[in-house]
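This report concerns only the one structure given below.
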């Protein structure tokens, strides 16, 4: 059975027809505005009509950044789109004038993690932890072959596990959240701090940022590290250490067979993953009395959310 | 279908016939030695024969403190009993001369948590976190109605999630493990430290310990707190705070509907749970955008391991 | 011998004639601009001429927020005024056309602390720690009757002792500086975080801030605490705890007889000092084997910088 | 003027005649018992009589591990010798039958630090921090040419500055004391933890300890590091990091020109000091706006306590 996956971004939606092997057979997209939720409904309906013209479609999966209701029909809250208790499924069905179209809403990190689990880096295991190290730190949990959504659909808010009491302030209102140590934002902020306190070490980073530390980006740090810049290598090593140490804590709880690292920062490859693996090994509880999860890079790329949403809808 | 549950302690085993409602129909026990693993096999066989004489038994569940193999037949490692890669199921079947007896080995904290989930405090929810606050901190995780065992059967080593980088040394070789802050041992150790640094505040505790701080016990701290001793109340409040803060981190990952607190320290009741609830509320990620898990006391008492093991074997 | 004290603020300077008992005999002031350093020189010269018309003056002490050279003639760096390696003494002497006028530059927190030591809350001791809990956390150290300036004049940067590894980011580029936990800014930030995560508890604070958490001020938190608002009391208690715990660490190094707490947040009185004293007692090293420093509120008020600068210049 | 220095150890006392340049002109020693305080008095009297036979002696300085009274005549408390409020000066004078013999008691870490300040690594500066990294972490502070003793003689308990809230338990009853991270004991304990969690990395250390991790010593770790053993190098690097980071905090308070590192662990040389310097530079407040203290190895060796005590007595 084919399914359509729709990945809702801040300013556009991407959609595709996905077959049972996770292959994308056709793709399309629409520009949208994060404040115009009715426009997003309409765009979803449009891509459905467009794609279902050429393919027989069994279900539509919609991946969205936000909290999704337990029945997977509504978005309770989204940080970047104006959804508040928004009945997304019902709205799109109303536009289509067809209550029988199967529409399933899923958190985007869950969708991307599911794609890795079904078709990507974790396709051979039953228990997986996905870490998406981007601007923030998101993720997904698969336990015994099932996506862990939690009692109210808000599980896998991985970045808000506390790793340092009294630690860095987080936008969520708490202190010491993991994503304040293991994310692209943390990488940039630590780089900027070094510009203040050790400018002589930060010369290359400052150069890449055009002389303005406020404009430094995560990919610039990664590039400098790939060139061999010692500070950039050290910053990615430190970030990798936090990824690995936090993953060890999650592993004490969940015992995954595999830890998949995705998101923009994962482009740094072993500059990030080697220190993550080292720290994971050093922090893993009961090491020596258990097999040890591998830490690998995600395989599905930018289409992961779309593919995963389609597959979850098909379920 | 009736099942037998066997709970293996350090110096004795307790066994019982458990029906499908979790009721114990008959009980028996044997004295054992932690170093005599063959003696434990024999004792299990004996209680099986004794109990199966009067009841038709479909399966035997054995609850044991240790790491259990993923196929639930062997104990890989136990901290307090001399099992090392020990094929417990096969040994007992050999004594019985019957390979058809269904024997399922389960970690004791998992078994106790499962009993709470099926018949106790969490019988009305699908997603649960069990915290057993005893000498150490153990627990169990139920997600979407299934026990989370992990890829290699060693999930729910809850006490070894790190909560303080560079924190207290743990017997596991790491620093800052949750159980070093949220367990009876932590309670006693903090009380003993106060005897050193603020003896005038610790007078009642010292009295209960017969004048020797080394002999202070967790129940004595609880008793003093119940009498209103300010230091003891403060120590339990601090312990409760760590329970609640750690539970909030686990909740960011797993979104349980209910958190069940058991173990000896839970006898302190609201002296422990009220501060745990307060800290949980203060640390819960995305509070206000989600329902909030309740924190309640375990309901199954000392038979939880036996009942849970029986029920898991029946599955 | 009379001396003139000059306290340089961001937009004005205050000056006064101070006698040997610390009494201010006459005062005057000028408006200034933080970017116009020549204008500040000129204003200092003017107030000198004005005040020395009526009093015989032996020396001029200038209190300034910034790093002062070891010979106390120049400001090496100031955060809020455009001084960079600025020879303040020489500039003012040049305007006056008189190289014999004794001009001594001193860090403002040192000057204020010295006033407390000579004439205020610490006048009866030889060893003192001054903590100025304002927007940031500054202070002064007196050891054996002498102001501790350090090898290069930059001692007593008390707020930048690290108290939490991996802790809150500080404007200085580091993490976990004491002033990020024990200052008016920390108080306001923690109050604002509570508005996000526990809005129902923050109702009174939000009301005082006119409904806009971004406009909340430290004095509003203090006012709410004085009215009995539970959250505000808790926030000041937490701040006091950090004051006391940090003071215990400094005491392990310096063994002061007295700890004087000044700055705007000290207006909260025992709402701040009681928890500070409790935490200090609980954290003090070798308690029971040593006398214990008292923690008291500063006595000199807003003129402390002016009076202290005058007295230090007279030395 | 010549002076006698006496260094009281657990099982012996060492004494010597020290001239004004810090040169030892003659030495002697006696065996003593830590429980026999009268025997220690007698031994001090004996070495005085022996050495003063050949040299004209102006004063006697006694270095002892413990809290010394502010008037430097008594030991208030000693961890390893049975002194409790013990009037050491008076006792020795009584044996000698001569109240005019100048006897000055000094904390041993203060005495050793003073020797470095007067004749050793810090002889060219006025402001110094001495760190003695031995079994524990002790030290001494010199500010503006004066030893900082504090209001009650118990300053420079450097090892009990808290560096990790909720950190390692310390024998003093508190948590997170600096000496739990920057001492030979910390080094050994961390090495032993690695034997548990990463035995394959700890093979060389285990070999040096004769196969029994409980018998591992700090010098063995240093030796392995000098051979190039990666784990041992990493352990000393981590220890050095804590030395440097803590020194940066002390420097925010005291702004020393020089930081002298002594004690047994300092034998590791740059294996310890290079990471200490790196961490110090990274953590130093206001770096770039101030000169930077150097971190150097102590120069006075085992006689530092004796020489420093003699010199302090002469003052």
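We call the chains A, B, C and D, going by the order they appear; numbering starts again at 1 in every chain.
Keep in mind that, in the parts below, a residue touches a chain if its C-beta (ideal position, glycine included) is under 8 Å from a C-beta of that chain, and two chains touch if they have at least 3 such contacts.
Remember, predicted model here, so these are calculated numbers, not experimental data.
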Chain pair with the higher count of C-beta pairs in contact (B-C, A-C): A-C
Chain of greatest Cα-centre distance to subunit B: C
CA centroid of subunit B to CA centroid of subunit C, Å: 52
Euclidean distance of C-alpha centroids - subunit A vs subunit C, Å: 46
Where subunit B touches two or more other chains at once, by residue number: 164-166, 172, 174, 197
Overall pattern in which the protein chains touch one another (line/ring/star/complete/other): complete
Parts of subunit C lying in touch with subunit A, wherever the complex brings them together: 164-169, 172-176, 181, 189, 193-194, 196-197
Residues of subunit C touching subunit B in the complex: 165-166, 197-199, 281-282, 284, 287-288
In the complex, subunit A residues that touch subunit B: 67, 76-77, 125-127, 141, 143-144, 146, 148-165, 172, 174, 177, 245, 248-250, 252-258, 283, 285-286, 289-291, 293
